[in-house]
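Each structure below is given as structure tokens.
Shared between the two complexes below is subunit A, which has subunit B as its partner in the first and subunit C in the second.
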Partner chain A sequence: MYVIPYVIKKIVSSIPVLIGVSIIAFLLGVVSLGDPAREALSADGVSTPTIEEIEQKRIELGLDQSLPQQYLSWMKDILKGDLGRSFITNIPIAEEFKKRLPRTFALSFSALFLVIFISIPLAVLMAVNKNGWFDHIGRIMSLLFISTPGFLAAILLMMFFSVNLRWLPTSGYGTLFHLLMPSVVLALGTSGVIMRVNRATMLEVLHKNYIMNAYAKGLTSPLVIYRHALRNSILPVVTLIGNYFGGILGGSAIIETIFAIPGVGSYAVQGITSMDYPVIQAYVLFTGVVYILFNLLIDLLYIVIDPRIRLGGELK
Partner chain B sequence: MTKTNIAKMINYIGIIFLILLIFMSLLAPWIAPADPLKVDMQNRLQKPSSEHWMGTDTMGRDVLSRIIYGGRTSMILAVAASAGTMIIGLFFGTIGGYFGGWLDELIQVFVKIFQSLPTLSFMLAIAGVLGPGFKSILIATLIVSWADFSRVVRSEILKLREESFVEGIRALGASHWYIISKHVIPNIIGPFMVLFTAQIGRTIIAIASLSYLGLGLQPPDPDWGVMIFDAKTHIRTSPYLMFFPGLFIIGFCFSVNLFGDAIRDYFDTSERNYEQFL
Partner chain C sequence: MFRERKSILMIIITGLILVLSLSGCGSNGTNDVSAAELYEKELVLAGPRDVAPGPEDAFYMSSILYVWEPLVAIGPGQQPTPKLATGWESNDEKTEWTFDLKQGVTFHDGVPFNADAVMANYERYSNMHGKRSSFYTFHFTAVYPNFESIEKTGEYQVKMTFSEPFALLPYNMANFGSAMYSPDSFDETTDFVTIAQGTGPFKLVEHERNEYVLLEANEDYYGEKAKIKNIRIRIIPDPQTRFSALQAEEIMGVLDLGSLTPELTKQLLEDDRFDLSYDKSTISHYVSTNGTRFPFNDPRMKTALSLAIDRELLVNEFYNGYPEPTINILNYASPFAKTIQPVYDLERAEELVEEVIGDENPVLEIIVPSWALDRYPYKEQAEYIQSVLTGIGLQSTISVVDGAAFRELQSQGEFDISLHIQGLPDLNPMTIFNRFMYSQGSTNIAYSLGFSNERVDELLELLAVETDLERIKEMVDELQDISAEDISTHPMFHDVTLAPHNKAVANYNATVYGVDLTGVSWR
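For the complex of A and B:
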């Protein structure tokens, strides 16, 4: 019965973080250079609103109220599922998000899947061959992954697989083939980091006494590595994957734009280039909340993968 | 040559390349063969030749000269942003880790909040809100990165605080400030330097990504990211316009990371604390 207090503690501690992120998202609209009322009225690029019209719009948007009041009413709308309307298209942002969310999630989670299945096996091989050729090549590979900006990798892959070989579609969304290149590109940077970290944690575990013990018992090397070393080396890596999910979400904005995937990220980039503040606010709120919930999920996953929590050992 | 030396050799190659790149940027006005901003429409989109080693771009500007100048702004920006994050992170991490208690818990809440802002999304958002350019990249990097630093500093200091030598000095009557500045901070310099180099690499990539979308440094600045942005429309006919700046971005980040690895080996922190990879 150590699980329930753990779960409650994790959920409660994420509440102030959620509120904090929402305040930051809200403040983005406040510190913006333009006047939202004027932007909203002149978004079509033709009309020049009069001072009276702007004044009226300010009251309509609630901009005459104090900041805390504005924040509360903004928050109230969001809890009701209303993210406001885009200045440019006047379409409710929530509607756009609903339509685009599945695409962004499909992209992000397939990238996450690739990260796990590329980096962990490679890291294990690197650790087992410490200072061997595979270790050196793996290190250079992981550093290359980290050092290559996603957009460059995207362009290179596009040139090679779509333009030269004509194997994969350059852009768009629909089939798994459309998803393949973008998710590989999105997975690269994070894979590089996870490879390095998992190699380090693996080496740390391999020096532990219980590994010696397992070998002394006469267990075979693959069994020791898989059953004893990998399972223990992976715990800190899981937390790190949670931390890096934010990077994947943020990176998806650029990748979606390059591959013309109509997801939340490319919508946000459109909003940003046209100074569409409600969209920017909604996007920052969205990425922050998804990140927090994902990490909460990972905390709960620890109940399954880390027996210390179930048995009431040291709580993290 | 033993096998461990191979890793060291690779690191040294990275460091030498990094030094060359830094000197290239510092000495840009003297070594660049042409003015990076000089437009020459008669000679636009020329392939690499003996006259223009890396060809000319859409406005006839010499690509090699633009490459030589192109690292300057990004490098200054990345170093400034990383130094700023380091100072803020060091401040809050030290206070939280050393004194503990409610102050630490309060700082931890803020750390968690700021860690929940995905770096690139937030940098994009700041560029949208404050307008793209040097200033918004700097502000955005500081806001999203200080929390990681402060967390690592805090965890290092928590470990140190338990050490008997710190207790001993305290028992001798040393002030908190004396202990922090003379004993705590010098002891975390290793992981700190590693983080610093990693942060520089990350910032360079973030700047380039923003510039690629047109939300980072602005044309006609000769910047690697901006050059790739300019080259986008000519990718099929003149791929070299994108190839060279891309190569330099990757090369710079790669060598900065190798430099970080060399520091890691020097301070021998590799298998002790994986949090420094954050």
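For the complex of A and C:
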């Protein structure tokens, strides 16, 4: 009943954000140092194009037009579902995205799964055992997760699980085993943050009167923690996960390159190093849209988690 | 009872020994089976980039896959050598070239290789003006300058005609310059419509872009057949991951440019399971200076820098001593290259710097492309150059910038020293001299080298129409001598192709451009 107008309101308010994202995506490609025409002609690494060849290429790629003209023509194609072609390979970007997206989503969502189903239970246990050995170890671990750079974690995991134990493949894509290490690496930083935040919110809730009341009513500890404490402490964590999902999606670019997963992230890395404007622009636009949609989903989740939003809150 | 049991036991043991002995006698048959099994066992290798970018690439795939073959190949001593063309001859003016073609060859799709197939391929090439490729951007007019026509003069013979003499045609045609594909595998757009079908010892049977390519031995190959049925080449962009994959024995070897950094190769060889093969590479490493602004617009400063760099030390410290230090601009894989020993004279360098710099105190900017850091120890190399500059009284800063920004800074002349590589695109020495040393050369301008030498321009103009190979060699020799004296760019060393591999694989031999996959077998 309340959900539909709520969603419509959220979608409408996303439109100016999307326009802003599209302008930033377009400008990011344009303002970077380098000439895409030269890059397109030097893709083999041995050729040095002449000034005339570069000029010719600029015309061919439409780079001789004014910036507003380029933006409008790009937007027109985007609205028709055409992301353009790569300046370097001449392969349609939509075709590449279609092939690569499932891999990036598989990686991002498995990382998100780890963040949710490992860091939240750990945070609850830490809060329940406040200042106990589990809490101390948990806090140290969370700090370690936050401060370990992804590439270092990747190398260490690879050396241990692939080179020494031979349990997991070093790289590639295809099975769940291939996804395990990259997902863990991608989830590490966010997990550390979630563990600390959720522990703090849980501790705050555990001292509320209604928790003591629940215990006084004779409810079992797991029931009190799950039904009363966790539900009331989770809202800020859900918001945080929404914000961090952008980080997970962005972080997948490096992780995909390290673990040789040909997803959208590694495609963007290739695009950035070769000044492939259409690829960079499509990637920024894509991450922007996914980020907005994911946060819309998070907003809807609020309604499920916190009935007060449904009863009044934003809709009032 | 006990004795009876003992006898039975003795009979069983004797029987077993007999069976085992007999099975030993039949060892030939067993070996045959194991050889067949080894042939069938898939070999997995890896490289840093996709070696088969696909239909939009001018060649579909790299020559290192041994799927397509050229009319003219690179032979011993890096000389043009017959492949699908069995021989060639020209008129005295070097304007008409006749090529005899190999008979009894078919493409992987069953289409016969003959003059018609060659004509179709040249029809495609003549429409390729700057056709994209990850390996060799194809400009028809650059590979075949002054081309007039090609005609079929027999079932297995074609004739090319040029409006101007072209004595170095076979040098231009070697390898990428004359790759042959089944006419059924491409269309009038010059793109491929199927997996490219060549005539080589391997067929490309599966290709997942940016993931892997799967090769299968061509059992109908006319020449020496491959010793392994299937070779899978995985694409693993990160050097550290390739290193781990080798250690985990997921891959048995690496190939292609920058397959493993010298440091990682050294670490890998500390493990007894691994071995290394290496050969000359077409890649040379250079330090280019900005000749369009002070202080390197003064040739004495270029000489000073060249004299101050200890190339032997550079090669030994950072590249395990495999490459060849040089001051010759022409890569040693060229059939025309000669050895020019570098000179290291710090005292003279200091004198020259003092003459040019005087009381001024410029801070020089060294730029390094970020992509190179995954392949070569360029950060360390830049720091070495910085220490050399400090030694001769010059301050400097180092900036690592991405590839596009690097090329932009080079072309805008907003740097003093840049570190880069240059590959030898073909066997024709003119290509490198024209680009770097001709006053209007594309690299000379794009890298802000600011180089100009009247004699060089004159020699390049003469070379373009010279028909006598001996005379060409003399002129190329002179150009190489000039390159060492009047510096356009500073060659540091000619690199090697490194092919580290697991010892379980035999004959994993590095070549100028990759690994000889046809000879590779399991031990």
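The rule is short, and it goes like this: the second predicted complex is superposed on the first by the 272 of 316 C-alpha atoms of A that agree within 3 Å, B and C clash if a C-alpha of one lies under 4 Å from a C-alpha of the other, contacts with A are read in each partner's own complex, and residues count from 1 in each chain.
FYI, a contact is a pair of C-beta atoms (placed from the backbone, for glycine too) under 8 Å apart; a residue touches a chain by one contact, two chains touch by 3 or more.
Since this is a predicted model, take the numbers as computed values, not measurements.
Once chain A of one complex is fitted onto chain A of the other, the partner contacts of A:146 are limited to subunit B, with no touch recorded for subunit C.
When the two complexes are superposed, the chain touching more residues of subunit A, out of subunit B and subunit C, is B. Within the superposed three-chain model, A:92 lies out of touch with both subunit B and subunit C [touch as defined at top].
Contacts of A:242 after superposition: neither subunit B nor subunit C is touched. Contacts of A:50 after superposition on the shared chain: subunit C is touched, whereas subunit B is not. In the superposition on chain A, contact of A:273 is made with both subunit B and subunit C. In the superposed model, A:32 makes contact with both subunit B and subunit C. Applying the stated contact rule after C-alpha superposition, one finds that A:196 touches subunit B and leaves subunit C untouched.
Contacts of A:155 after superposition: both subunit B and subunit C are touched.
Counting contacts as defined above, subunit A residues 32-33, 155, 159, 163, 257, 272-273, 275 meet subunit B in one complex and subunit C in the other. The touching residues of subunit A, when paired with subunit B in their complex, are 13, 16-17, 20-21, 24, 28-29, 31-33, 131-132, 135-136, 139-140, 143-144, 146-152, 155-156, 159, 163, 189, 193, 196-197, 200-201, 203-204, 236, 240, 243, 246-247, 249-251, 253-254, 257, 265, 268-269, 271-273, 275-277, 280, 283-284, 287-288, 291-292, 295. Residues of subunit C that touch subunit A in their complex: 53-54, 56-57, 130, 132-137, 209-211, 234-238, 240-241, 244-245, 247-248, 250, 257, 370-371, 401-405, 407-409, 411, 421-425, 435, 442-443, 445-447.
Interface residues of subunit B facing subunit A in the complex, by the touch rule stated above, are 3-4, 6-7, 10, 109-110, 112-113, 115-131, 201, 205, 208-209, 212-215, 228, 235-236, 239, 242, 246, 249-251, 253-254, 257-258, 261, 270-271, 274, 277-278. Contacts from subunit A toward subunit C in the complex involve residues 32-36, 38-51, 53, 57, 88-91, 99, 155, 158-159, 162-163, 166, 169-173, 257-260, 262, 266, 272-275.
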